[in-house]
Each structure stands twice: as structure tokens, then as C-alpha cells.
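In the two complexes below, chain A is the common chain; its partner is chain B in one and chain C in the other.
Moving on to the complex of A and B:
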């Protein structure tokens, strides 16, 4: 039943010049659907990881501890001024290879770090840096009089950050953060470069056999369009819910 | 005999003769099949030598253009090059959309680089194991379907080879013309070898033209046949230190000699 529906749909699209025949091949259809899942999985892991990294980096940048802030600043500058793909190659093809060789010398034959883990780490850190800068803008936008008032209540440095600065900073930074997360969703496509089976990778593997580039690109576009739309909707709702009365109105 | 019956030559052959110059796309991927001489910046190796000799055989000057695997067909179809000598093997799909000189000048299949201590000696040993290839590789399908390997496609051959070194797969399968020189000549690869005998999906390397240019094809094919008869290809292979020697070359030499 389901299969006839699908093959009818494929036949119906044929006269328009779009050949989706790969969907009728069980193994290729399976690979493509798995690819959709892996992209979703990457998003669900990298979004929280990058936000946590962003908060930690922003805290270090604004900590007032000069050496710590300096080291963090250097990390931020290097990370945001090199392409994600290059970082992924450096991490996976070079660093990972060195780790494997070292493990081999120690008699450990398998390296537990998979390509998937490297993608999550590299993309989270890369985007975490951008989150950190957005949050820093928010933290620095908190009026000094507010901080003075908080300090006069006897709040410690950590309490000040977690109870006053971050909640306010988050509101100021929210549009930038949502923007970053939308970009992060698209960025997960770099996984295809190191053979992690995301939707882009599975599509490349299919179109290099079938030459149906346009058909698959349209599906990729739809999938990323859907994911980024969900992020935007969630972001707008959050902005609405967190709106502070008296600010910007 | 084909070209004798045609009233006039096709446009490309006309243009080549008229300009006294033929534009040939060559693939340069390092190693003996095509590389750049660091001293002179000249293209050297098998592909460039064949291109130069082909132009000479056609009685014109050679204009070599470097092409990439992913875009070489577009270069030919868009008319940026007249001919391709670009490590591009004959297969039915390509034969449908492009023209080619029927006499092959080489035969290439997939060879597997594996760690010497891996215990892998046959293609069948790859079953269920991760194998690295480059994205778009024609070896991906037979590896998965016939030998049950888990195929991982990396952006390029060099990425796939690095992933092999990183232990992400047990074998990297690429053109034997890439694997053999790399493992034989590069000390960094001393722990790796090619214990699996035989090649996967061997196919003929031919000179490619645009579709339907029968006069150009006939002229090119005549030159390629003369290379086989004179033994020039065998000499060139030896001079460039390409090992192991390709059994296709002596075979075709004998066949073409007796045919003439």
C-alpha cells in the first residue's frame, strides 16, 4: 500500500523532469532516511552543547581574571577566524590520527573517538564561540547601576553572574543566539566531509551513482528549511515569553 | 575507413588543424601519473607525456590544461578542452554521454591499501568492516554489494588515506595507479601494503572527446594504436618507474602488431 503510493508519487513527478526513483530502492531509501535522522541527531546534540560552551566561554571572558580572560580571548579569536571545515579536518584527520597512533603504541587497538563525536565537538565549540560573543554583548549591556544595586545587596561575583547578569544578558542576546543556532543547523552539513552519514553525505553517495543531484538537493533544502524554521519559531516564542516589561518598549 | 566516407571533418578536428593547437585536459594528482615539476613548474608524468605525444601525433602543438576529477567532464563539454587524458576509465554511462578513442592506453582497477598487521589478504576479508573510498568512487558499489564492506566515502582520496591512517577503516580502496606508487615509494606508508591480489572493477583508460566527433576520434585512435605498435607506452611506463607493469600493454602490442 505504502509502496504503491510512493511509486505513484515518483511516477507523477517524472513528467516534470524530477526523477526520484532512488526512493523505490529499499537500500537507498533507507540510507537517505537514516541521513535525515543523523542530521536531526547532530542538531539535537550540538545545540545544547554549543550553548553550554558559549555560557562557559562568556563567563571566562567577563570573569575579570586577566590570564583566564586572555587565554579565552585567544581561543575565541582563533576559532572564529578559521573555517569550520578546516577545523574539522585538523581535528579528525590530524589530531585523531595522532591519538590513534599513540594509543596503538600503548597497545590499545581501537580509538573510541568516532567521526560523529568529532563533528559534535568541533561544531559545538565553533558555534559556542559565537554564542559567547553574543552573550558578552548582553552581559556588557547590563547597566552598571543595576550591578551596583545587586552588589549592595551583598551578592558574590558568581551570584551576580548567575542571578543578575546572565538572565538579563540572555534576553539581550537572544536574537543573536537564535541566529547562531540557525547557522549551526546548516553547519552540521560539514559532517559529510568525513563520512558521517548525515543527509548531505547520504545524498552525495546516492547522486554520485545516479546523477540525480537536483532532486536530492531539493530534498536537502526542504529538510534544512524545516529544521531552521523550527528553530526560528522556538526562538521567537522564547523572545516573547522572556520579554521584560519596561525594556525596549 | 569511417572517416574516409565523411564528406568533411568534424568541427573540433577542423579547429585543431586550423589553430595548429590542441587543448588537452590532464589530471594531475601527484605521483608518476601526473605531477608538477617543482623546479620548472611544468606538468610531468604519464598523463602530460601522453598528451604531448598525442598532439605530436596529430601534427599540432599541445596546450595542456589541468582538470579536476569532479569537473573534468564539464571542461570537455563546455569546450574548454578538446580532449581529456585524465585517468578517466571507460564505463557504459560515460560512453553514452561522451565520445572516446576505442583503443585503451591503460587499464586501471581498484587496489586496497591495508595495514600489514591487519591479517587481510582477500577482498572477502573486508566483509562487515569499514573501508574508506573517495566520494563518487565507482568502487563503492562493488565493495558494498559483492564483498559486504561498510563503505565510508571521504571528500577526496587524500582524506580517505588519512582516515585509514587514523584507524577509521581497515582498508582504503582507490585506483591502483594511486595506491601502488604511494605505498612503494613513500616511507611514511611502510607499515601498509597491498596484500589483496587482483583489482576490483578493472576498466580501460581511454582518450575522451565530445559526443559524436567521429573524425577526431579516428585521428586520436590512430595515434594511440601507433603507441602500442611501437612499444612507446611500454617504454614510457618503464621510464616513469610505474610498477607493477600493466599486462594490458604487451597484450595490446602483440594484438595490434599482428593485426597490421
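Moving on to the complex of A and C:
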């Protein structure tokens, strides 16, 4: 029943010049849907990881500990000014190779770090750097008069941070954080470079057999369009919920 | 800052008197001020020192015949890496030029009188801003033919041109957004004021609005250039012989662990050396604009 519906749809699209016959082949359809799932999984794992990395990096940048802040600043600058693909290669082809060699010396034959994990780590750190910059800007944007007012009310340093400074900083930083997450969703496509079976990779496998590049690319773009749209809708909702009446805008 | 220092420094060495700039005394660039100056430019000085150290190390190694094998290989592959980087730079410059022209046109069209045009531009911008760059590069690489038939003859359509087109698509969408944002940031009171001076619409646009817009667009435009340059690394995935591809070939040909580590670090350093100064200058510009 479902299959006839699908084949009807494929037949209906044929006159437009789009050939979606691969959807009728159970194994190719399965691979493509798995690819969609892997991309979603990458996003769902990387978004929270990148936010955690961003908070940690922002804390280090604003810690006041000069050596720590200096090292973090260097890491931030290098990450921002080099391509994600090269970072991914440095992690997967260099670091992973060294780890595998070391493990072999210790008598461990298999490396537990998969390409999937490396993509999550690299993309999380890469976007974490951008989150950290947004959060730092947010922390610096809290007016000093507000902080003075809070201090004069007798709030302790911790209370000041958790009840005044961070809530305001989060609200200032939220628009750029949402932007960063949209970028992050797009960035997961780079996973295909090291053969993680995301939607881009599975599509390459299919179109190298069938030569139906345009059809698959439209589906990929639709999928990424849907994911980025969901992120921006969620971001707008959050902005609305966190909005303080009479503050900002 | 630099100029001020140079002037002070030059004033201290007054003509006719013995150069005494390096002795510590009254009225001279004192050691603390020199140190403060060095501190302010610490990262550039560190980069220079690293280059200098390398510059001294290389002749020492070749003179004593103790060049580490990995560095010897790097020395051999370095020209290939640089010509690969040149491909990246060329692609980024062309994509940026094409994308900027198209983006300015689109940005202008987004203020069109007709609703259909405005909607079409909005959709274009949305689609190409939210599409992964890698997917767009695949799109232009595989959808366009190998060669274009022109007047009976076939004109080859090389892959790097397709990558330029693939990168120009998101560039044009983002430039359109930057342009639209800059125009909207000009207070509408300026239009009214200029109108009351008797200027025509086109005159207001050209002589009042545009000069201010260009200044506001410069920083985000440079940011975009840096990000497009980084995206050119994706060209290696569709078979363009760029710097990333060259590094991979080198790493596979030499097949030594230490060389692989070295060449990927050099790859990282090359991109950093090209993109960091741009990012640095952009931030300088942004800071200056905040003061207006």
C-alpha cells in the first residue's frame, strides 16, 4: 500500500524530468533514510556538546587567570582562522593515527574512536569557539551600572553572577548563539569527507551508481532547510520566552 | 600607535647629536615604554621570532647535513603546497568578486517596487544562506556539464570554475543581506532631510546613503572573504588540486608518520597565516566603527 503510493509519486514526478526511482529500491531507500538519521543524530549530539564547550571556553576566557586565558585565546584564534575540513583532517588523519599507533604499542588492536566521534568532537569545539565569543560579548555587554546596583543591594559575588550577570549575558548572546547553531547544522555535511554515513555521503554513494545528482541534491537541501528552520523556530521561541518585559528591544 | 612611537623614537635621535636611543636616560624611549610597546605587539613579535628561528635553523641543518628527514621532505613539497594555496586564493578571489556583484544586484532588487521580485530575492537568500557550502559545491560540480557547447565548439568547463560558482552562490546571498542591512541602518530622516534640500532619489542614494553604506559594509564583507577562503578547502573533495589535496598527496606519497603530522600542521599554519591577518584587520575596523 505504502509502496504503491511511493511509486505513484515517483511516476508523477517523472514528466518534470526528476527521476526518483532510487526510492523504489529497498536497499537504496534504506541507505538514504539512514543517512538522514545520521545527520539528525550528528546535530542532536553536536548542539549540546558545542554549547558545553562554548560555556567552558567562555569561562576560561573571562577567568582572569592570564596564562589560561592566553592559551584559550590562542586556541580560539587558530580555530576561527582555519577551515573546519583541515581541522577535521588534523584530528582524524593525524591525531587519530597517533592514537591508533600508541594503542597498538600497548597491545590494543582496535581504536574505539570512530570517524563519527571525531566529527562530533571537531565540530563541537569549532562551534564552541564561536559560542564562547558570543557569550563573552554578552557578559561584557551587561552594563556596569546594573552590576553596581546589584552589588549595592548586598548580593554576593556568586549571587551577582548567577542571578544578574549570566541571565542578562545569555539574553544578549542568544541571537548569535542561534546563528551559530544554524551554521553548525550546515557544517555537519563535512562529515562526508571522512566517510561518516551522513545524508551527503549516502547520496554520493547513490548518485555515483545512478547519476541522479539533481534529484538527491534537492532532497538534501530540503532536509538541511528543514533542520535549520527548526533551529531558528526554536531559537525564536526561546528568545520570546526569555524576554524580560521592559528590557531591551 | 605605531606612528606615534616612531615619531617619538625619531625625535629622540635628533640630528647632530649622537644616537643615544638605547641608553636609558631622561627624555628617551625608556626601557619600560619599549617593553610596553613589545607587549602590545607580542603576537607579531612572536611570529617574527619563529620565522627568524626557522630561517636560521634551515641553513644550519643544510650546512651540517643534519636536516630531519621530515623537514627535508617538507622542503621538497613546499613549492607544490604554495602553488596549491594559490589555487585556493584564486578561487576565493573570483568567488568573492562574482558573489559581490551578484549580491549587490540582489540587494538592490530586494528594495524593488514589485512584491514578486522582493519575494523571489528573499527566497533566493534564504535557500542559499541555509544550504551547506559543501552541498552547493557538489551541486555545481555535478550538475554542470564537462564542457559548454558554444558555436559548435566545446569550451571546457573545469572543476575549479564550478567550485567558484558553488562558492559564489552563498556569497551572493550573504552580500545581499549585508547590503540590505547597511541600507536599512541609515536613518530614514536622512532621506527626508536630503529630499528637503531638493535632491532627487537617485542623487540621495548615490551621494548620501551609499557612501555611508560602503563604510558599514566593509567589516562584514571582509569577514565573509575570510570565511569563503576557508571554504575553498572543500574544493579538494571534488577533485580540484588545491593546497589540501596537495597535502594529502604528499602525505600519502612520503608515507611517514612524522611527515604526516608536519604537513597537516603546515597546512593549518598556511590557512592561519592567510586568514588571521584579515580577521584581525576586520576587528580593528569594527572597533573603529563603534566609536562613530
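By our rule, the second predicted complex is superposed on the first by the 233 of 249 C-alpha atoms of A that agree within 3 Å, B and C clash if a C-alpha of one lies under 4 Å from a C-alpha of the other, contacts with A are read in each partner's own complex, and residues count from 1 in each chain.
Please note the rule applied: contacts are C-beta pairs under 8 Å (C-beta built on N, C-alpha and C of every residue); 3 or more make two chains touch, one makes a residue touch a chain.
Just so you know, these numbers come straight off a predicted model, no measurement behind them.
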A:111 touches, of chain B and chain C: first, second, both or neither? first
Chain B versus chain C as contact partner of A:184, first or second or both or neither: neither
Chain B versus chain C as contact partner of A:169, first or second or both or neither: neither
Touching partner for A:214 - first (chain B), second (chain C), both, neither: second
Partner contacting more residues of chain A (chain B vs chain C): C
First (chain B), second (chain C), both or neither touched by A:125: neither
Touched partner set for A:193, first chain B, second chain C, both or neither: both
Touched partner set for A:97, first chain B, second chain C, both or neither: both
Which superposed partner A:89 touches (first chain B, second chain C, both, neither): both
First, second, both or neither for A:53, with chain B first and chain C second: neither
Residues of chain A at both interfaces, chain B in one complex, chain C in the other: 89, 93-94, 97, 101, 193, 204
Chain C residues touching chain A - in the complex, by the definition given at the top: 127, 130-135, 138-139, 142-143, 226, 230-234, 236-237, 244, 248, 251, 257, 260-261, 264-265, 267-268, 271-272, 275-276, 279
List of chain B residues in touch with chain A within their complex: 93, 132, 135-137, 140-141, 152-155, 159, 162-163, 165-168
Complex contacts: residues of chain A adjacent to chain C: 77-78, 80-87, 89-90, 93-94, 97-98, 101, 182, 186-190, 192-193, 200, 204, 207, 213-214, 217, 220-221, 224-225, 228-229
Sites on chain A touched by chain B in the complex: 89, 92-94, 96-97, 100-101, 104, 110-111, 115, 193-195, 201, 204-205, 208-209, 211
